[in-house]
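What follows are several structures.
In what follows, chain A forms one complex with chain B and a second complex with chain C.
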Partner chain A sequence: MAISFDKVNYTYQPNTPFESRALFDIDLDVADGSFTALVGHTGSGKSTLLQHLNALLLPTSGTVTVGETVIKPDSKAKAIKPVRQKVGVVFQFPETQLFDETVLKDVAFGPQNFGVSKEDAQTIAREKLNLVGISDELFERSPFELSGGQMRRVAIAGILAMNPSVLVLDEPTAGLDPKARIDMMRLFETIHASGVTTILVTHLMDDVADYADTMYVLEKGRIVKSGKPQDLFQDVDFMTAHQLGVPKATRFALLLRARGQYFEHLPITRSALVEMITEAANHG
Partner chain B sequence: MDKLIIGRYIPGSSIIHRLDPRSKLLAMFAFVFIIFLANDAIGYGILTIFTFLGVGLSRIKLSYFLKGLRPMLGLILFTVIFQMLFTTGGEVLFQIWFLKITSYSLQNAFFIFMRFVLIIFMSTLLTLTTPPLTLADGIETGLAPLKKIKVPVHEIGLMLSISLRFIPTLMDDTTMIMNAQKSRGMDFGEGNLVQKVKSVIPILIPLFVSSFRRADDLAIAMESRGYQGGEGRSKYRILKWQRSDTLLLLSLVIVTAILVAWNMMK
Partner chain C sequence: MQKILEIKNLTYQYEESSDIYAVNDVSFDVFRGEWVSIIGRNGSGKSTTARLIDGLMAAASGEIIIDGQTLTEKNVWELRQKVGMVFQNPDNQFVGSTVEDDVAFGMENHGVPREEMLARVNAALERVNMQEFKTKEPARLSGGQKQRVAIAGIVALRPDIIILDEATSMLDPKGRLEIIQVVREIKEQYGLTVISITHDLDEASLSDKIIVMRDGKIEQIATPDALFLNHNLVDIGLDVPFSANVARELRQNGLQIPEKYYTESELADFLWQSLLTK
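This part shows the complex of A and B:
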């Protein structure tokens, strides 16, 4: 499902001394089936923008179109509720949202809120828990007895259980060890491959390079650059100047280039780097 | 969450902002008693002028004070209506069955209303112009004499500043958890009472869990930095009594004197 922002502005606490403008004329298009990355610093407006994706915040001006639904500054709660089911948001540290007695009940909470019967919700919950790699013997445990990594998986299953068409991920791997991080990203890749439009908010450029097909750079509430990652990462100076950096493979290629290795364009993933080096070796 | 004005500090540099928290606290406390000295229109008039003088000097928009009134409106209306219906004496203006509205009851209701409004304005003035931590400092030093009778003043002060410090954090946590549950299709404030109470559970449990974790983290952080309260501990913020503080207390004494004199003259 596609999402598009048209001249979206957002101001926190308007008409008070605490007034602060967080988003300025945001135009953004997330194509159906795409894997879009949203990068920017803390305070760049990432989380504000993210809350517009499922209408937790309504724009102060402008419109957000999610599938068929148009979200306007004066949209009513009833009209936006279906959006919450279609766009599943995995917040940062999602394990903080767990509350129910058992893992299974917690995961079934989402679909039940959208009118799915208890039995059906639990069937979906089982399926999604298995998908994220939680084994059956943990289903009847309290979510608070699980390890941190397991809790995060359960929380993610809780979002997947709503069968969203768009999955929004806010730094989903923060605080995980390297192996758990890779497993987690592979999981999202599988989900994306099954046709779920994915939006990833991150500051890990390697993840952007490895998984995303479109990226937006956000700074001080404005979109300063957008396009394909392989094109954006060519402008190393821009990415460094905005303190975002470039993927490891690109950095490696830059070092090689400094030592005289020729690159027609910079690789952004490890496999592209390997390919370019072998090709150069074969021809050189 | 953003609409709560009680207990909110608005930064500024007015004369009221610069007053010592101890004098402001003392004045606020005294004002609650002084207000009982007023028992007619002139008395309330004097206190109203005094209150609005403070409001004016703080250079904070009146709308903030009115917003501070809003959460108390139910209580005020209840008391006012109660007074209106059950005060006896005076000329009967209006009567349905056993309920009478008399000139006395109207007057009384109005005075009660003014009493509420003035006290709320004054306390709003205190919290709007004093940073919460400074206020906690003020309370701690204000209570210092009680140390002699073994009241754990420092601990009370610490508890106070920690709770004040964590109000914004807890509010952020609440907003975050509410957003997460709303994203899972939770509706707030809809349906019947049972549904409404039920909808609190998915917020409250995660909030408790995160509060306990935070408390634990804070305790560890304090201990690892060798925290030890009470005796011999120096302070980062040092309170300074200025001439304006003496003037504030003096003005209160004058207002009290005027009210007492007026009451005796009648």
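This part shows the complex of A and C:
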């Protein structure tokens, strides 16, 4: 499902002494089926923008179009309810949102809340829990007895149980160990491959390079750059000046370039880097 | 050397009836002024151990001796003053509306007189290089700045032990480096003992010793050098250095690269001199 922002502005607490503008004329297009990365620093407006993706915030001016639904400053709660089901947001540390007695009940809660029968909801819950790698023997346990990594998987299953067409991920691997981080990103890759439009908010440029096909750079509430990661990371000076940095592979290629190696394009993934070095070593 | 912390046969279960132990018969000693890293995969019991030491949870059995005193329900408040903890997510640990209020909060709780409190707030903020942000709102700071404020709040309380519970894991490389640098400096200045729970190879490599945990147990205690030489790093919950991965994949492609550890610049030097300029 596609999402587009048209001249979206957002101001917190307008017309009060605390008025503070967070988004400025945001134009953004998330194509159906794409894997879009949103990068920027703390305070860049990422979180505010993210909350517009499923209408947790309504724009102060401008429109957000999610599939068929147009979200306007004066949209009514009833009109935007379908958006909540279609756009699943995995907030940072989603495990803090777990609440139910058992893992299975927790995951089944969402669909039940949207009118699915208890039995069907539990069937969906089982399927999604297995998808995220939670095995059957944990279904009847309290979610609070699980490890941090497992809790996060349960929380993600809870969001997938709504069968969203768009999955929004806010720093989804923060705090996971390196192995769990790789497994988690592979999980999102699989979900994306099944046709779910994916939006990743991250400060890890390696993840952007490895998974995203489109990226937006946000700074002080404005989009300052957008395009394909492969193109944006060529502008190393820009990425460095904005303190975002470049993927490790690009950084390593720069070390070789400084020593005299020629690169037509800087690689952004490790596999591309290894391939370029192998090629250069074999054929000079 | 003096033992600042002794852990003896520590055990913890999240559910009494189950036979799953989050911490299972864990024992180790930490000496004053040491920097100890605890590593391991998620769910290995690292954070639970840290929370037990700070008295945030009570152990099922075993003993925690902090600076010569056994931790009990009665003295937990007193002993907790000796242990400062910095958590993973900076946003979850702010209470003050300004940076200085936040740093002062812990001291207010401990009844430090106002005059002294003001002096300590200033000194602590200066120490972490956040003096100029004194009157700013914590929410407006970057992740690295927030963690520095959190550390200032702890420094101001003058603990003996500072526990970093993945305190740098949400930061970018620059923020991470800032924090490590600050912690090193305060460790030297105040003779603090540092216990760092981490997945970061660089951070772990700074420590005097590394405790590897797996499934609630201590798998081994070793120096960084001994550990890194003999282990699959991912398997013990650490990141493999990028240069090691590149070298391995180039070897797989048939390039002749000696089997040793290269830093990124060393690898770039080797590749350029030996393989790319022919």
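Simple rule for what comes next: the second predicted complex is superposed on the first by the 284 of 284 C-alpha atoms of A that agree within 3 Å, B and C clash if a C-alpha of one lies under 4 Å from a C-alpha of the other, contacts with A are read in each partner's own complex, and residues count from 1 in each chain.
Simple rule for what comes next: a residue touches a chain if its C-beta (ideal position, glycine included) is under 8 Å from a C-beta of that chain, and two chains touch if they have at least 3 such contacts.
Values in this document were obtained by computation on a predicted structure and should not be read as measured data.
Just from the overlay, do chain B and chain C fit on chain A, or is there a clash?
When both complexes are placed onto chain A, chain B and chain C end up clashing with one another.
With the two structures laid over each other on chain A, which partner does A:Thr36 touch: chain B (first), chain C (second), both, or neither?
In the superposition, A:Thr36 contacts neither chain B nor chain C.
Classify the contacts of A:Gln85 with the two partner chains as first (chain B alone), second (chain C alone), both, or neither.
Once the two structures are laid over each other on A, A:Gln85 reaches chain B alone.
Does the superposition put A:Ser165 against chain B (first), chain C (second), both, or neither?
After superposing on A, A:Ser165 lies clear of both chain B and chain C.
Does the superposition put A:Gly260 against chain B (first), chain C (second), both, or neither?
In the superposition, A:Gly260 touches chain C alone.
Look at A:Leu176 in the shared chain and tell me whether it touches chain B only, chain C only, both, or neither; answer first, second, both or neither.
Second partner only.
Regarding the shared-chain residue A:His203, is it in contact with chain B (first), chain C (second), both, or neither?
second
Spot which of chain B and chain C makes contact with more residues of chain A, would you?
Touching more of chain A: C.
Quick check for you: in the superposed arrangement, does A:Pro17 touch first (chain B), second (chain C), both or neither?
Only chain B is touched by A:Pro17; chain C is not.
Does the superposition put A:Phe144 against chain B (first), chain C (second), both, or neither?
Both partners, chain B and chain C.
Could you give the residue numbers on chain A that contact chain B in one complex and chain C in the other?
Shared contact residues on chain A: 144.
What residues on chain A touch chain B, complex-wise?
Going by the criterion above, the answer is residues 12-13, 17-18, 51, 54, 56, 77, 81, 84-85, 88-89, 91, 94, 96-100, 109-111, 113-114, 144, 158-159, 162.
If you look only at chain A, which of its residues touch chain C in the complex?
For chain A paired with chain C, touching residues are 41-43, 92-93, 142, 144-150, 171, 174-180, 203, 243, 245, 248, 251-252, 255-256, 258-261, 270-271, 273-274, 277-278, 280-281, 284.
Using the touch definition from the top, list the residues of chain C that touch chain A in their complex.
By the definition above, chain C touches chain A via 14-15, 18, 20, 40-43, 47, 88-89, 140-143, 146, 166, 169-170, 172-174, 199, 234-235, 237-240, 242-243, 245-246, 249-250, 253-255, 264-265, 267-269, 271-272, 275-278.
Which chain B residues qualify as touching chain A in the complex?
On the chain B side, the touching residues are 2, 10-11, 173, 176-177, 179-187, 201-202, 205-206, 209-210.
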